[in-house]
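So, here come the structures, one by one.
Two complexes, one shared chain (chain A), two partners (chain B, chain C).
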Partner chain A sequence: MNSVATLVAQIQGLSGSTSDVNQLHTILKQFEDLFKSESTRLAPLLTELNPSIHSLGYLYILEACSSAPISKEQASELVLSVARFIDLSAAEQIRLAPDKFISVCKRFKDQIMLLEDPMRGVAPMLTALRKLQYSSVQLTTLHPDFLLLCLLAKCYKTGLSILEDDIFEVDQPRDFFLYCYYGGMICIGQKKFSKALELLHNVVTAPMSVLNAIAIEAYKKYILVSLIHLGQFSISFPKYTSSVAQRNLKNFSQPYLELVNSYCTGKISELESFVQANNEKFESDKNLGLVKQVVSSMYKRNIQRLTQTYLTLSLQDIAHTVQLNSAKEAEMHVLQMIQDGEIYATINQKDGMVRFLEDPEQYKTCEMIERIDSSIQRMMVLSRKLTDMGEQLSCDPLYLGKVGRERQRFDFDDFDTVPSKFTI
Partner chain B sequence: MEAEDEATGQMIEDEEIYVNGGGDGDESKRHRPIISGEQLDVEAYAALYTGRTKISRLLFIAEKCGNASMQLDALRMAYDEIKKGENTQLFREVVAKIDGRLGPNYGPDNAWADAVDRRAELRKERLENELNAYRTNLIKESIRMGYNDFGDFYFAHGQLGDAFKNYVRTRDYCTTSKHIVHMCLNAILVSIEMGQFTHVTSYVSKAEQSQDALDPITIAKLRCAAGLALLEGKKYKLAARKFLETGPDLGNSYTEVIAPQDVATHYASCLEYLGNLKANLLLDIHLHDHVETLYEQIRNKALIQYTHPFVSVDLHMMANAFNTSVASLEKELEALITNNQIQARIDSHNKILYARHADQRNATFQRVLQTGNEFDREVRAMLLRANLIKHEFNLKASSRKH
Partner chain C sequence: MASSSSSGLTFKLHPLVILNISDHYTRIKAQSQPPPTTSAANDAVSPPPPPRVFGCVIGVQRGRTVEIFNSFELLYDPSTHTLDRAFLEKKQELYKKVFPHFYVLGWYSTGSDAQESDMHIHKALMDINESPVYVLLNPSINHAQKDLPITIYESELHVIDGIPQLIFVQSSYIIETVEAERISVDHVAHLKPSDGGSAATQLAAHLTGIHSAIKMLNSRIRVLHHYLLAMQKGDLPCQNSLLRQVSSLLRRLPAIESEKFQDDFLMEYNDTLLITYLAMFTNCSSTMNEMVDKFNTAYDRHSRRGGRSAFI
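Presenting the complex of A and B:
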């Protein structure tokens, strides 16, 4: 216990400036074994420390406590204290020991799941995530856990706020897959199909050397979202898709590909009977809700096609062309679509006629100009990133080595400074 | 309505073109009855052709005409024609089809068939011996003639695959471009009979490469064959052009495949006239599958031309002009609009068609925003993928170092 007491004193003493904290960090690392052996008796120490000032020390002790097996009663307490710690801790200190922090948060998540109360974990996880990231373009291991909690707690909007950040750096491919998959599901929940399509597309086309289950499930949802949002699905993969994915993904999604064929015939009755026949398969994949949305999207697409050909059309004709049962149903559908902003039209109930209007957007407003301007700015930033990346790569010794080896020797035009043999 | 007159006016001009292109006056007068709306005169039709195509066409007519007397007529003439040749297989087929309906003169004649078969065996043996002799002597010209004779032999006996193989074998022994052209023409003939039009196209282009050996008649023959191949491949516009290029040079020299007025027939277009022709065109061996599609396309073209000059068109008047009801006209127009062949919108309430000119400015803005979004998405995805690959590479590199 003596060493533990000195430990506490040192933590309290060396949490002032950055150099002190670094020193503390080194000391703490030396006490690794102590932590492991005394883990059950460390909890009371926490009361002597201030989480916001002594974050690093607090973290080490907390991590030791949480890695020990915990009873159910203690779980709730632990959850509370971890949540409090996450809230109050100092981000710079935490970033010195990211592994410990991640370990604490993961245990936290496990306990939350055991307690079956995901709502309690959403806010703390969000804070934890933000503190762990050194920039918003980084994907941490905590991202997918956070999104999972959002999904389980049905807090989709909170999840969306994270998804709006652009990600450019990934530590672990597995995190990336889960992040995109859960993110896709959240976007589907919020009916942001465009973003969902983008995320699911990234999973399916990500570089992978072995097929994983996440990609398979993502592919199924990808097909469905593509049908809902774009009205079509192309079975050919883009060139950059891994060969593993190209060869194998289709084998696992047979009923979905047949659904695509059924959809492309344009006949509602065929589509519905196909869905009926394959009900259990879709149900077992938990995709039945999405499949139902696919069916209703077909009605919408057929009505939208009518806006291209007709100026006015009777509700009866609409019902007939789109294969609805009555003019009343057609009116319901058209009304819903007008409210959702999917078509522009007016319904004349006296004549039973619908008048299709042009898109009133004239592209003359200030908002539109701002939108275009911000778009241009974004493009420029992205282009800059691309050029920077290209420059970095061209200075990379590994790359140069490879290029140098493959170059022809004695090229007349190439009497330049890049040597033909580049040893590192 | 002025536009209507214009449309029919154009059609009349087409008819005149057709009449003028039919060769000299006498011939055209003699040929005209065949293409009219009256019942097809099978005998006169068959008289235009010679050789194997005559038999094939007669059999086709017999199959498709649906009229018992015409059918028997065609079968009778086919029988006579086959007896002049040496194709026993075809003979047996025709006999089966006639089924004794034409009396004892047109029944199975086994004696004749056997005699022909025996003769064929003998001839085949002789040809083989000759060919072997030539091959040992390595006389190029004789070998070529030998294979050619074999090809002719097989063709006469209806073994088209073997005929084709032998004709193609002469290729290695062709010394002048005249030989090559001869070989190509034979190959084309067999390919048309077999229905393999990809070969026709390739051999036509091969033959056209030896420019010096081509006289106008051969050129015309080649154009006809090319046109037929394009027709089969549903490339109607190109086929029409090829047939146009054929011109009157053809005369009567390609009766093994096609008759002069077929060339004109395959090209001519006139709405009502065509309607009458339809029944007879269905009996033509090459056009059969395409008549429906061609008719539809011609009608669509007329519809498009009709609506082109107007800002608004009353559907009732248009339905009258096109001899159809307003409802079906609406359906046809809907299909054309969906395929983007007419730029218009239908006011179903008042039954008027309004021309619609796409707003270029709005469309451009929409495209711009869309392209921006796509670029954004693609580049971000690319940067991410690059990052993932870099990690994987680093992982591999570091594991190698350890």
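Presenting the complex of A and C:
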């Protein structure tokens, strides 16, 4: 194949400086159909190219190879070569053809899923993600795929590292929904319920013109996490929720809303019977584990409520009030809560008394100063961003059109104090 | 034209007069139309001369003291070079009813120097007051000048070239304030153009003062430090007297070093930071709220506005 050979030579020649690479990019774009037609025979060419230097050319050829149908034996080979490529490739060259890179990575992920070995894909996906992003505030299409692999492989910690970044730029809404949903699930797995709540909240309140399934599932989990973490759930949506979500989400999560009602009564027995009755529904949504956590969090709520009434209480009384089986269980619960920092108490094991204490934080230390200072700095950055966004919105023609139409027709000055005629 | 007056009168000027004249001038200047630009773009065209405003000053004359309390505006007729007489008399009558002791003491105008044409006006007023005063405000802002740009002229009959003529002579004056005037002038002086609340500006002024003081302290210490470093390196000769002074200063620090001070200091620091945090929170929430409203108006098809607000 002469043309292909010359192409390879060109790739090898023009991968030096950025201007050369741009030139190469235009040439490669012209040869798209050639790639598509020769896809099956391009594999051996890959051996002639060096992925770290000739990343762009390698990418094009790799993409053509992977788009062809692949048998199971070739799958693991492909997985290996793609992983190697992702590791070695040069980020600047890849960013010139992001869609090709994304399609390669998606095929990679599909093959991994076929091979049922998600652990192999986690590290390469992470590298791929970082190389594709031009700044850490950007959400790429690879984010949700990476999080999905983390979830399947149960490496939650790696997933968490991605979730620490604040996201300010989103390309595709579907990416954002999936990212927040999977991110929420990872946080639930790591028991970081506040972050999970935040992410699921984002899915529920994100602007959407039609209801989507991700939001429905996220809403169910949102209700459960809110019960576990906050002990309550407010049915009203914040005003930045889209009206589509506000009207329709509740219809799909009836059993969960009833769960909220029985939770609010504060009686463990009622809650448990309700969960028993609706077992299949929760199971089909794969939320049974979360629901069980909700039930156990009920004990915590009740113990916390006790701190507001009593200064000291015996373990026996705690067990009795909270409807636990024995004082030993009560001690376990209280100990766990003290360790988690949910209450402040001391247990006197000699006479089985628990003394509830105040929050010992005096807000007098240098560490507290640093914490508050960093929070203030973050808030200033956020405030500046919000002002910029507000200004951008004010210049948006869509906004100006609507505001102009709905403006009051009567200005305060036009209002005549003596009306000339009455209209009843 | 100007030389010091020999009449021996002492003039007392109230700030209200100065504010009135300045306000009148600013208003007229702001309302005057800018001249149309010529298409030839003649760069040599100078900006139009600032408008002159005219008015009357009123007050009390007790013996040798002339106290100017108030003023009002008058229209100047450029064709006849006289002030509007009828209006002046009407205004004088009205003021007499409210302030029976006040008389028309003279007139005021703006400009950089007294002019010949002013003498006409001055003579015209002589039938109301035998020796009127002429208060002149110079509206051009000169940052180097420390005094008020106000001059008070009297008229004196001097013999020039054998002809007795009335000319303007400058007189000195002092500023006299009543308590109410002092408070309002103080308030106006400290008002910042950005926000109007007096509490907010006081706090901001206080903090700005402290900030500039600390900045100056910091820069002075930096200079000393730099100097000491240079001395250490050997670039500058060692000056023992200076070193002794620096060392005595350093031995006086730290001023307070006790556990209790540290405790209280950190607590207060934390409290102030928390309040700042709360303020930032509120600020950010309100920005976010506005932005969400705008977003909902622009993009949410079915958002219902609360309806027209009621007429007040």
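Worth a mention:
Throughout what follows, the second predicted complex is superposed on the first by the 389 of 424 C-alpha atoms of A that agree within 3 Å, B and C clash if a C-alpha of one lies under 4 Å from a C-alpha of the other, contacts with A are read in each partner's own complex, and residues count from 1 in each chain.
Heads up, the rule we're going with is that a contact is a pair of C-beta atoms (placed from the backbone, for glycine too) under 8 Å apart; a residue touches a chain by one contact, two chains touch by 3 or more.
Note that the structure is a prediction, hence the values are computed from the model and not measured.
In the superposition on chain A, no contact is made by A:P44 with either chain B or chain C.
Contacts of A:G341 after superposition on the shared chain: neither chain B nor chain C is touched. Once chain A of one complex is fitted onto chain A of the other, the partner contacts of A:D359 are limited to chain B, with no touch recorded for chain C.
Legend: residue contacts after superposition of the two complexes on their common chain; A:P69 is shown touching neither chain B nor chain C. In the superposed pair of complexes, A:K239 makes contact with chain C only, with no contact to chain B. Judged by the touch definition given at the top, the superposed model places A:M380 against chain C, while chain B stays out of reach.
Once the two complexes are laid over each other on the shared chain, residue contacts for A:I369 go to chain C alone; chain B is not touched. Contact with chain C, but none with chain B, is seen for A:K402 once the two complexes are overlaid on the shared chain. Within the superposed three-chain model, A:V170 lies in touch with chain B and out of touch with chain C [touch as defined at top]. The intersection of chain A residues touching chain B with those touching chain C, taken from the two complexes, comprises 207, 209, 240, 362-363, 368, 372, 375-376, 379, 382-383, 386, 389, 398. Residues 263, 266-267, 269-271, 273-274, 276-277, 280-281, 283-284, 287-288, 290-292, 294-303, 305, 308-309, 311-312 of chain C are the ones touching chain A in the complex. Partner chain C is touched in their complex by these residues of chain A: 207, 209, 239-240, 242-243, 362-366, 368-369, 372-373, 375-376, 379-380, 382-383, 386-387, 389-390, 393-394, 396, 398-399, 402-403, 406, 408, 410, 412, 415. Contact residues on chain A toward chain B in their complex (touch as defined above): 166-173, 176, 198, 201-202, 205-207, 209, 240, 305, 308-314, 317, 351, 353, 358-359, 361-363, 368, 371-372, 375-376, 378-379, 382-383, 385-386, 389, 398.
Only residues 334, 337-338, 345-350, 354, 359, 361-362, 365, 368-369, 372-373, 375-377, 379-389, 391-392, 397 of chain B touch chain A when the two sit together in their complex.
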